[in-house]
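Since the structure comes first, as structure tokens, the remarks are kept for the end.
First chain written, first letter: the chains are A, B, C and D, and each begins at residue 1.
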Amino acid sequence: MSEAVVAHNRLIAPGYYRMGLQWKSPGVTPGQFIMLRVSADSLDPLLRRPFGVYDVLRGAKGIEILYRVVGRGTKIMSTLRPGDMADIFGPLGNGFPAVKDPGRAVMVAGGMGIAPFYMLAKDILKRGENAALFYGARGRTDAAIATDFRKLKGLKVEVATEDGSMGEKGLVTDIFGKKAVWLAGEASVVYACGPSGMLKEVARISKKNGLRCFVSLERAMACGIGVCLGCAVRTGKTAGKGTDRKKYGMVCSDGPVFPGEDIEWESL
Amino acid sequence: MSEAVVAHNRLIAPGYYRMGLQWKSPGVTPGQFIMLRVSADSLDPLLRRPFGVYDVLRGAKGIEILYRVVGRGTKIMSTLRPGDMADIFGPLGNGFPAVKDPGRAVMVAGGMGIAPFYMLAKDILKRGENAALFYGARGRTDAAIATDFRKLKGLKVEVATEDGSMGEKGLVTDIFGKKAVWLAGEASVVYACGPSGMLKEVARISKKNGLRCFVSLERAMACGIGVCLGCAVRTGKTAGKGTDRKKYGMVCSDGPVFPGEDIEWESL
Amino acid sequence: MGIPLKKVDLRVDAGGGLKLKNPVMTASGTFGYGVEFEPYMDLGRLGAIVVKGLSLLPREGNPPPRTTETPCGMLNAIGLQNIGVEAFIREKLPRLKRFKTPVIANIFGETVGEYREVARRLDGEPGVAAIEINISCPNVKKGGLSFGTDLREAARVVTAVRKATRLHVMTKLSPLADIKVMVRAVEDAGTDSISLINTIPGMAIDVERRRPVLSTVTGGLSGPAIRPVAVRCVWEAAKVARVPLIGIGGIVTASDALEFIIAGATAVQIGTANFLDPSASVGVIDGMEDYMKRHGVKKVKNLTGSLG
Amino acid sequence: MGIPLKKVDLRVDAGGGLKLKNPVMTASGTFGYGVEFEPYMDLGRLGAIVVKGLSLLPREGNPPPRTTETPCGMLNAIGLQNIGVEAFIREKLPRLKRFKTPVIANIFGETVGEYREVARRLDGEPGVAAIEINISCPNVKKGGLSFGTDLREAARVVTAVRKATRLHVMTKLSPLADIKVMVRAVEDAGTDSISLINTIPGMAIDVERRRPVLSTVTGGLSGPAIRPVAVRCVWEAAKVARVPLIGIGGIVTASDALEFIIAGATAVQIGTANFLDPSASVGVIDGMEDYMKRHGVKKVKNLTGSLG
């Protein structure tokens, strides 16, 4: 769709890359994503791959994504070099809703789910609001991708690792759960992104504590613009304007961010 | 099949590249070819691409190929950089037969057909025999790929270009045809590689003048080792040991080099 | 054909009153209700827009996962989620009909009666140029492919739709049908044109979990992977067809589209390629024009069935 | 299944006396007469070798071009060029039978009588473990697919071969057949196992020349592109089959092969992948073993039809 030029493609931790893409992008809302065509000269892998926007390049000259190599598409991406062309499409999706006067904006991230929060955190801090990040990773190596967040002034960062090699030992939902009551007192809003099991738990904890909660979902996507109807997720309340005919929401166009209580978690 | 490392991949003329491949190759006979898998992480393009061996790297540490970008496969190849892995299979095919005491070995090349002659020319010159190259190209730019040949001491090089921008104006078969009688007097052997129309003409001229002639053919290939039976070419005399059941020869395993008189030219 | 041209004629007549400014349509289910593509292209450039399959009542479709990638292709099992024919007419058509591009309504029913009712509802609706009957969807339990592989059932559906509307009727075939006899059957039942192919039934298994990838186990294979099969189906159909054919399956480039036209199609539809590039069809139109100029082909209709 | 294992059992019983040390065979027409692969791999590691289709008399095959690449696949129209059953027995078999790998002779005839004669000639030939009946080749004018899509004709061929040999009889089906009824028909005719799928008929056009790429216009599509279709065919066959199934179509990796086995196949065949890597099948065997160890699957036969 749009030709972008790879500005950089840096290994920042084993298996994790940050890729800068020079690109005349329209404005981006934190939580939106782009779809990247992995190879222009090949029809395999065929479909575009979705990636959250990690940051906007200085002077809005493009964007940056943070990605992990998990399969063929991301493997091919990791071989791109500065100056190479990349075909991107976006920004797509709704992004995180700005909430009026939250006592504190709380971001809960699991693994790669941290990607869309860098831009969100910067935006929130810029508005002078309070922000905290709870981040869960498997171990020290994975947790290394949170380094940039530590440099954001005013952002409270708490880390949990499954192997205990960094921060608290356990899941991110454990550390978030412990603080939930206290956060509720501050009338915080919760933004979560990560594996669906984690999101479900964050939504549950939030609901229990009366915290407004927004989750960013992931689904295999073909079109990214709501036309293939492939990335369906069963939603309850947001299911259209007073009709029952739209029981499925599309993660790409109705999301990727949904109010936590709108997702039928059992169906995921 | 075999992992090779790209040593260099140099643009030597617009659209033409020379790629060095570090590779523990078995010995190579001039005229043999290798098959390269263009992309390890993609199934499209699916099949390996055949390339004649252009040269052997110093110390037999690998080989070099000379290729022109004509489609997707070669386009992807042109993006490979030193240090990248390349999956190659070979050497395959029969190669040019060494002929005892030729008065002169004459190579007739059209376009990319020049590729397998560099190694052949070096071998012949090393044996102290006489060698000449007739080379036909569209124009000066394409003809530039013959530069290396001019540096081979003792090799007579005659060039024809279709647009007359270098050497004689015309086809390589014109300049070869003019010298054919004289060459016949020297009891020369003719090796030809290029488009099939050209090969047919070289075979005809050679036959008329009583010159022994070997042609190297090109066919779309799938396996490269004579098992898919895809690269069939109708042959007359070489059709097996006294049976009529093998009217088709396989370019990959019976060839790519065939005696000129064995090809049923009308069928090409 | 031969001398390079400056101007060429892309118009085609798809029969039954359906005249197109060029032979490139977008395929049902891959282009939403058309309006979603407004930000990415000029919808007015398209030969026609075929909208997502419509049923009498809204359908919620199959549970996820609904799509997965395969080598040079994808499997889908959307299950014809759609807003229903009423909502389409009310909410989507008014916007869509403002473009100078014919709108083709792809329709689906679980019974012959449902097909007839959807067709009747669309008949005479200003802005609808044609009806494409989907009797070849592999992703629904009732209807769909069960009509598309049975000659008598297929003919019944087409006859019923034919009677219910004066619009151009296009019938969309499955590659699993016995093409030649099916072409005859739907022609005899009164179809104005035939589009082919719909997706090929296929499946993928997540071996780590030993579970089907799609919630419905099987789905429909589309994309470049199926193109050789689709071209062959069109070529077979062209041997017997008396009505115009619309070629579908794996088209990404103008060259791909031309394969279908040369094999015997009057027009083509672009499906999965819309996901790779929302303006893929415009690229195909431009490329086709280039080809014709280069080859000195004045009218694209002269290319139909021009295989030498 | 669950605890990682150190040792696993890859043996499978393909029925009718055909026991294999592992479920990975090479597919007919993609592995020559086997011996050509000696320089590139240990033929002794294979579950079985299926040789190029053999006919009663040598066949010269179709004129070139015979192959062309397509997205994630290839089309071939070899036309069953082969040295004939006599020459195979005389020239190839002696060498081939020295490996501890069963040799399966793929056979072909233009008439039922020819199938029977080829089978009879192979019967009792030491070193031949089974006969695979090819009633699904799309690339020959007579025989082949004309038998493979007609239930009665298919049954006649299988019955004739069954009577002509005591060897294991494997019948190879076309994806164009109505799978479930065809499975029944060839089972009733006495086949010991069923292999599927053969290539899918397809075609490609050189648009610049407006000519078919293949000399025969249509050819057979193989390779990764067809895998989803092939897995679905095996899964459908598995619903009704009483004899073991052999899955074929687009297998490149162990994961691909496992899809077929989990869908219901007892064993698999590797075709086009041999062209990408002559030792592809050994890679599949190794990968399958890894998978089983990792998942704590002791016997590969426990994976057959294990789709959850």
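Here is the rule we go by: contacts are C-beta pairs under 8 Å (C-beta built on N, C-alpha and C of every residue); 3 or more make two chains touch, one makes a residue touch a chain.
Remember, predicted model here, so these are calculated numbers, not experimental data.
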{"item": "More contacts between chains, B-C or B-D", "value": "B-D"}
{"item": "CA centroid of chain C to CA centroid of chain D, Å", "value": "34"}
{"item": "Centroid distance [mean C-alpha coordinates] between chain B and chain A, Å", "value": "54"}
{"item": "Distance between chain centroids, defined by C-alpha means - chain B, chain C (Å)", "value": "46"}
{"item": "Touching two or more other chains - residue numbers and ranges from chain B", "value": "43-45"}
{"item": "Per-residue multi-chain contacts in chain D, two or more chains", "value": "71-73, 223-224"}
{"item": "Pairwise touch network: line, ring, star, complete, or other", "value": "complete"}
{"item": "Interfacial residue positions of chain A with respect to chain C in the complex", "value": "1, 37, 43-48, 89, 219-234, 243, 245-248, 267"}
{"item": "Chain B-facing residues of chain D, complex", "value": "29-32, 36-37, 40, 52, 58, 60-61, 63-69, 71-74, 76, 78, 81, 83-84, 87, 223-224, 252, 272, 274-279"}
{"item": "Complex interface listing, chain A residues touching chain B", "value": "39, 41-45, 72, 75-76, 81"}
{"item": "Chain C to chain D touching residues, read off their complex", "value": "70-73, 75, 200-205, 207, 209-212, 217-218, 221, 223-229, 231-232, 235, 250, 255, 258-259, 262-263, 291, 303, 306-308"}
{"item": "Complex contacts: residues of chain C adjacent to chain B", "value": "71-72, 224"}
